[in-house]
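Chain IDs A, B, C, D, E and F follow the sequence of writing; residue 1 opens each chain.
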Amino acid sequence: MGHKFVNQIGPGETIDDIYIVNNPILRSTTRGDLYIAMFLSDRTGQLNGRMWQATEAVYKALPQPGFVRVQGRSELYQNNLQIIINNISVVDADKVQIDDYLARTDKDIDKMFEEVKEMVGRIENTQLKALVGEFLADTELMERLCNAPGGMKLHHACIGGLLEHTHNMLRVGVAMLPLYPSLQADLVLAGLFLHDIGKTEELAYDMAFCYTDSGQLIGHISKSLLMLNQKADALRSRGVQIEQEILDILGHIILSHHGQYEFGSPRIPATAEAAMVYYIDDMDAKISQVVEAINEEVSDSNWTAWKNALQTRLYRKRLE
Amino acid sequence: MGHKFVNQIGPGETIDDIYIVNNPILRSTTRGDLYIAMFLSDRTGQLNGRMWQATEAVYKALPQPGFVRVQGRSELYQNNLQIIINNISVVDADKVQIDDYLARTDKDIDKMFEEVKEMVGRIENTQLKALVGEFLADTELMERLCNAPGGMKLHHACIGGLLEHTHNMLRVGVAMLPLYPSLQADLVLAGLFLHDIGKTEELAYDMAFCYTDSGQLIGHISKSLLMLNQKADALRSRGVQIEQEILDILGHIILSHHGQYEFGSPRIPATAEAAMVYYIDDMDAKISQVVEAINEEVSDSNWTAWKNALQTRLYRKRLE
Amino acid sequence: MGHKFVNQIGPGETIDDIYIVNNPILRSTTRGDLYIAMFLSDRTGQLNGRMWQATEAVYKALPQPGFVRVQGRSELYQNNLQIIINNISVVDADKVQIDDYLARTDKDIDKMFEEVKEMVGRIENTQLKALVGEFLADTELMERLCNAPGGMKLHHACIGGLLEHTHNMLRVGVAMLPLYPSLQADLVLAGLFLHDIGKTEELAYDMAFCYTDSGQLIGHISKSLLMLNQKADALRSRGVQIEQEILDILGHIILSHHGQYEFGSPRIPATAEAAMVYYIDDMDAKISQVVEAINEEVSDSNWTAWKNALQTRLYRKRLE
Amino acid sequence: MGHKFVNQIGPGETIDDIYIVNNPILRSTTRGDLYIAMFLSDRTGQLNGRMWQATEAVYKALPQPGFVRVQGRSELYQNNLQIIINNISVVDADKVQIDDYLARTDKDIDKMFEEVKEMVGRIENTQLKALVGEFLADTELMERLCNAPGGMKLHHACIGGLLEHTHNMLRVGVAMLPLYPSLQADLVLAGLFLHDIGKTEELAYDMAFCYTDSGQLIGHISKSLLMLNQKADALRSRGVQIEQEILDILGHIILSHHGQYEFGSPRIPATAEAAMVYYIDDMDAKISQVVEAINEEVSDSNWTAWKNALQTRLYRKRLE
Amino acid sequence: MGHKFVNQIGPGETIDDIYIVNNPILRSTTRGDLYIAMFLSDRTGQLNGRMWQATEAVYKALPQPGFVRVQGRSELYQNNLQIIINNISVVDADKVQIDDYLARTDKDIDKMFEEVKEMVGRIENTQLKALVGEFLADTELMERLCNAPGGMKLHHACIGGLLEHTHNMLRVGVAMLPLYPSLQADLVLAGLFLHDIGKTEELAYDMAFCYTDSGQLIGHISKSLLMLNQKADALRSRGVQIEQEILDILGHIILSHHGQYEFGSPRIPATAEAAMVYYIDDMDAKISQVVEAINEEVSDSNWTAWKNALQTRLYRKRLE
Amino acid sequence: MGHKFVNQIGPGETIDDIYIVNNPILRSTTRGDLYIAMFLSDRTGQLNGRMWQATEAVYKALPQPGFVRVQGRSELYQNNLQIIINNISVVDADKVQIDDYLARTDKDIDKMFEEVKEMVGRIENTQLKALVGEFLADTELMERLCNAPGGMKLHHACIGGLLEHTHNMLRVGVAMLPLYPSLQADLVLAGLFLHDIGKTEELAYDMAFCYTDSGQLIGHISKSLLMLNQKADALRSRGVQIEQEILDILGHIILSHHGQYEFGSPRIPATAEAAMVYYIDDMDAKISQVVEAINEEVSDSNWTAWKNALQTRLYRKRLE
């Protein structure tokens, strides 16, 4: 029998299923009894859980976060659904169907990564080649690149989403560069590959997608810039020449890829290459958002619900 | 000897050259003498001209606008350079080097138009094919499409500029569509071809680039929509079926291709196809602007002057 | 006994009344049983309805939308009130009190329309007179003008609301024109009459107020412009002269009547007449909004609730 | 022979005419010679004046500001026209044609003021009647109301302009109030009469239009509110009852009549009467701006120059 | 046993506690029975109360607002918690623990007020000293200054909050003035003391914090200006000289202390002293907001919930 | 005899003085003659220079930039003043009065730096102490900190300006921290010291103030973050423990110190310490701007000219 997803639970149901527990807290009621408050989630959402008459031993056994089997009952409290837990026990991660808890790209991760390597392999400039190579050689980082989500909510919010976004942007870049021959293709390719690399540190995605503390304080744009400079320092310490100027130009592409100050870019694109990376990023993100919103609409209407990030409802009907 | 361009004239020079005359007005001085005020221009700029002791006959002979041979002298008046005209005579348009007066794309117009036809020829949907065909069959309109400028100032401001912009956008669309397979390619191609078609009526470009009255009152977006509906009416009157729905969807692409209300779009893109046309238009326009601004910079600095439309100066130095 | 309005239903009530059904969908539960999901509404709001153990025959009998008698019970589900339906049957539209389902202006529609005709009858310019006459002669369109709502929510959201708004604007125009003698009264009157005419196609109002697909894709501003040009084409085809210039000037009034790009106007008012139409429209809409919001406030407070569209609460107390 | 207006002076002309002198300053050159710098103006503009080899006696005789006869010569300096003064002498104000120096409304001030009195005379509410009466009884203030300009630049920038604007707004109010019967007419009339009354203290207009220090520090909106409260205090000190509530409601109309925070209103209209005063003010100001801009255009083009405050060029051609 | 706070009530609980009653209204059901609708609140929030089978006598006995003992039961209705009241009786204000109903600063009000007097006592300019003295001598006003809240929601929303904010701003001013020696300290101190004095009339705080009608119509900025001018009038009527200029400069500080039009300032700071008052106000308000939001967060997360007024979540973890 | 400043040169003057030459370019006229175009500047401004009949030898001898003695004549060309150069020769930097070419703070740089060291010396947290110490130990960097300008134009645009701004901000921080005891003083002090440190690399100031290429591509905010991480890496490589968390919190202060995305901050202040650094920076910058603008006004008016960055004119008159 399949997993009962959080968004399918109504009030008054009996619950016996595996969820991710988050932020469990041991508290005492005004009468002095101990209870545990916690969040229970899967890939479709999150609910409050309450375990009354709890003990410190039960509390200490809970992972933060981790998989648990929850037995209890759903009820409405102050207009919110919550789970009243009778029994809770830790479950080994191997025993769960991970896809029930984290969405995953439906593209082939290995194949996409191979194609990414092929496309950045076209870079000819020696220094850019060395920089990109230093990233590719960092297997732990590439592992994270292959698994990180592309964002928290609006598009590519799935395991492999960052790679999918990077891969598609590189493909668009490869298709468009011949049409803009005055642009320096090496810079565009390196910029497309690296502009979001800091998201591997900005976002956590073990049990759910969330920002890391460090990610929230610093942001993926600045993290990408720091990583670029660290790779350059590593290369230089091994005697490979990386000029400051090339770091500045590539760093500028990273810093300006949101296009405007209002969107968190500390720089405005000041080269044609930075402008192209910004436009490809924006276009791929927005078209993905539109396509995903149209696909996910559950009603039969010709129109989706209002999409705030797009400032419109979307028309779903296709030509015959 | 070559043409003396307007932006090369200093004060106190003797002038004997051909310029375009614009808006000549016959006035009388406080003493009652007649004189003619007018603008003189070529592709590099415009100056005031004054002809003292003029006669009504001279005034009446002047074209509005047209080519004239001007003999006189340049001087400063209230801090502006003006031409004091001793003699003025009409010149046949055949006698002038038209390129001195109107900038022209350096691409091959015929070849671009052939490629445009080939690309929109890929449209398979019967009704879209009919609509696009109706435009292609309007040879007078296609003539204007091939010669109209793409804009007044920022990019593609040259004879053939509209075609160059349309051509490049179609090439980008053809390159990108395979990467976004869920989009309806026919709609994107038709949208790219038609979104700016109203510029053929919005801009005048016989002697100089300027807005027509009608263009300024109505705008190219609404003009494009009107032209689309007129072509549909023409088809329908010949018994060809064009459904309202397809007109609405294609019309929506036209109406939303500036992307936001702030930029004069009366609609926000509500389909993936409209979003793609908007992004390709925006990207091609902005990258062209950046490339042109970098190429036109006359100083030797690594940076261009401040570009207000881009909100930055541009970095011109290339990797070695 | 009167109709039980949607906004008066609490949880746990027995329901036996007539509502409008919308978007019925036949689905199957995880156990394979069929059920029908639908919306039930009247002029005060809308609720979800669920009919369990439904059959395909019942589903196929449902109108989309249409009036139905619903027997069942209200209950809370996931914090939303829904109707569990035991029995549902189609009701003839003649049997319902239509005013329970659609709000209607409390003004006299026939009288307002007569006054509108009288006011636009003052137009003297031959071509404007012909254009306005062509609209007045379109009885089907005038029928829609008399019944369409003026908007979806903020003001004049009732049957006859568009006419009420048009009528009041014309009266304001007639009162103000003598105070601004340099304005061309004929243009102002024609502009006031036609600026929102596209709303007859933008909004549907058979059972409820909603946007048509075409209305949402194209918008009433562009629809008004298209209708103006179609009427002009019809006149011209009968040999009546309508100059392009007069179409452009009147079209400009339509295109700029929201005053700013931000509010969906593709043009900014560039004539005094366009400015006056914009101001009268804005003023009549906003004062109506204020008056309606003050009248509809149900609390006894001196202040209404916060009105987001007006960015303030409203003070309701009157001088003694 | 008429006055030579400042905007008619070219470089290298001999000057002997009367101008207003402003801000004369006595300075010494690097060689130690004394000279006087000053501004010379009339209603068409302002120029720098320089008098070399000046004496302290000449300087001390100059009014600040005042009328002076200037003899000298015009020349270009650092690209600006300036007057080199050989001789300067004070001129009695009675000897000058004041209209050469300050623009004046072409309407009849006395007649407008009579009509204003008649219109506010329709107020029936006892307390509002008393408040308005207190203002009308202040003859010195009414004198200033009749002569103050309505603004510095954009519209009604002439002697009598404030009265003209107030008069026209009252006429519009009187024409519109019957169409909005739920509004409290007395409040609208009092609000229209008083909303800009503080401009009598904000603007100075003896020799030229400028802000007073007090006007610039406090602004006419707050000044109007202060004046209203002072008149109420005066009435109360004579035993006339003025309730706080009526002062607040009328004060609110004054404080919110710019409509939005962005335009310097410390309040947003929260009553229908405040909304109407705001809309009438905005409409009369903007339509006057459009009409004045169209009338003042000197070229023969169908379009005026770009008008920044209106964000458009204006179309000047009228229907035949 | 302690007070049961409104935010601790769940559905289905028995209620017997003291709350503040607000806006009681006597209504009749469709069957003709009388019932009373009202709001019940304490310092943690507000709920709807309904008393069925009520009598006019019960209704007339209710204070508006005031303390009442409520006996009844909590239940969900249309997804909102409400109290069904069986019995309601007036309670004397002396019998309640006022702190359960209104939050109060945890600073010492008397001590803060003494320090405020000491700090403004440093003013040396005779006229400013007289003006400030006139405020200090108004014991009723000073009483309100000591008890008024500093705002409705975001910061200093407690009895004594206005004094706490004024006191802290004066302390910051005293600390910073030596570092900006060119500023006129007397003006800064007087401005800090008086800039928010109008909040004593803008906000009511007997039973709960709310805006007065007058406060909402006029706003505390304009009220502060009016109070300043009234104090000046009182001084002048006693023969104390207060120049208009000093009133304008101090008035300007009050009028511009929100810094920008968008934030409701009718003036922009035009003196260094006005700029300093604005910055100290803004800084103290925002830092208080941040500190309060961090302290009030109830979760154990390193981050608070999203704070809309600050446009971010806040990081709560401290260095070890 | 003193230096003739650029802003004192009129047309038609004989020039023999020392200026900074910038961007000299060797060009040929249409007749084939060589000439040199260049900029000539001092601290008051910049002019075009033209040397006709130049040789390649003269061109090659010119520094880029550097001090040169210029002999020639000033003239107007296309409404701009330019210098026609007869003779040009390199001047040793030791021979010039450097203050004629670069403005310098009138504060004592050594004393300010000592006080800065004293104030950051109060930091107690071991890791922050180590980080700040690492910066202080970088004598070359501290040398640049002591000499860099604080900005290009609006405030602190002088040699030593960055130190003056940093010094004053630290003094304000030291004065205010006791008033906000819940803030972590060490973080505020470290943040104040380091937030603008990247300006040492962003701005060049040998001959004039300008952005470096690297500074313009990357910006001082991101440069400061990179420098912080480099110092941390250096410390770690010597075995000093610097936790990632402390780098993130301090980095966040740097990244958010412009307060809003619109002003180029890639982060919004999310800690009370970051908020304080932002407010102190903003306040010190703006008050300095106001004070400098008031001091630099050359007219005798009570008001300065309009200051665009402050959106107002400034009132200059002081209380007596």
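Just so it is clear, contacts are C-beta pairs under 8 Å (C-beta built on N, C-alpha and C of every residue); 3 or more make two chains touch, one makes a residue touch a chain.
None of the values given here were measured: they were computed from a predicted structure.
Taking the definition of touch as given, a chain qualifies here only if it contacts chain C and chain E alike; those chains are A, D.
Steps from chain A to chain F, minimised over paths through touching chains, total 1.
When the contact pairs of C-E are matched by residue number across A-F, A-E or A-B, over half of them reappear in A-E. We define each chain's centre as the mean of its Cα atoms; on that basis chain C and chain D are separated by 44 Å. Averaging Cα coordinates per chain places chain B and chain E 59 Å apart. Looking at chain B, residues 76, 79, 213, 216-217, 245, 249, 252, 270, 313, 315, 317 sit in touch with two or more other chains.
By the definition of touch given earlier, these chain pairs are in contact: A-B, A-C, A-E, A-F, B-C, B-D, B-F, C-D, C-E, D-E, D-F, E-F.
In the complex of the two chains, the chain A residues touching chain C come out as 10-11, 76, 79-81, 299-303, 313, 315, 317. Residues 213-214, 216-219, 221-222, 225-226, 229-230, 233, 244-245, 248-249, 251-252, 255, 261-267, 270 of chain D touch chain E in their complex. Contact residues of chain C toward chain A in the complex are 23, 25, 76-79, 213, 216-217. Residues 125, 128, 168, 171-172, 175-176, 178-180, 182-184, 186-187, 245-246, 249, 252, 260, 268-272, 275-276, 279-280, 282-283, 286-287, 290-291, 294-295, 310-315, 317-319 of chain D touch chain C in their complex.
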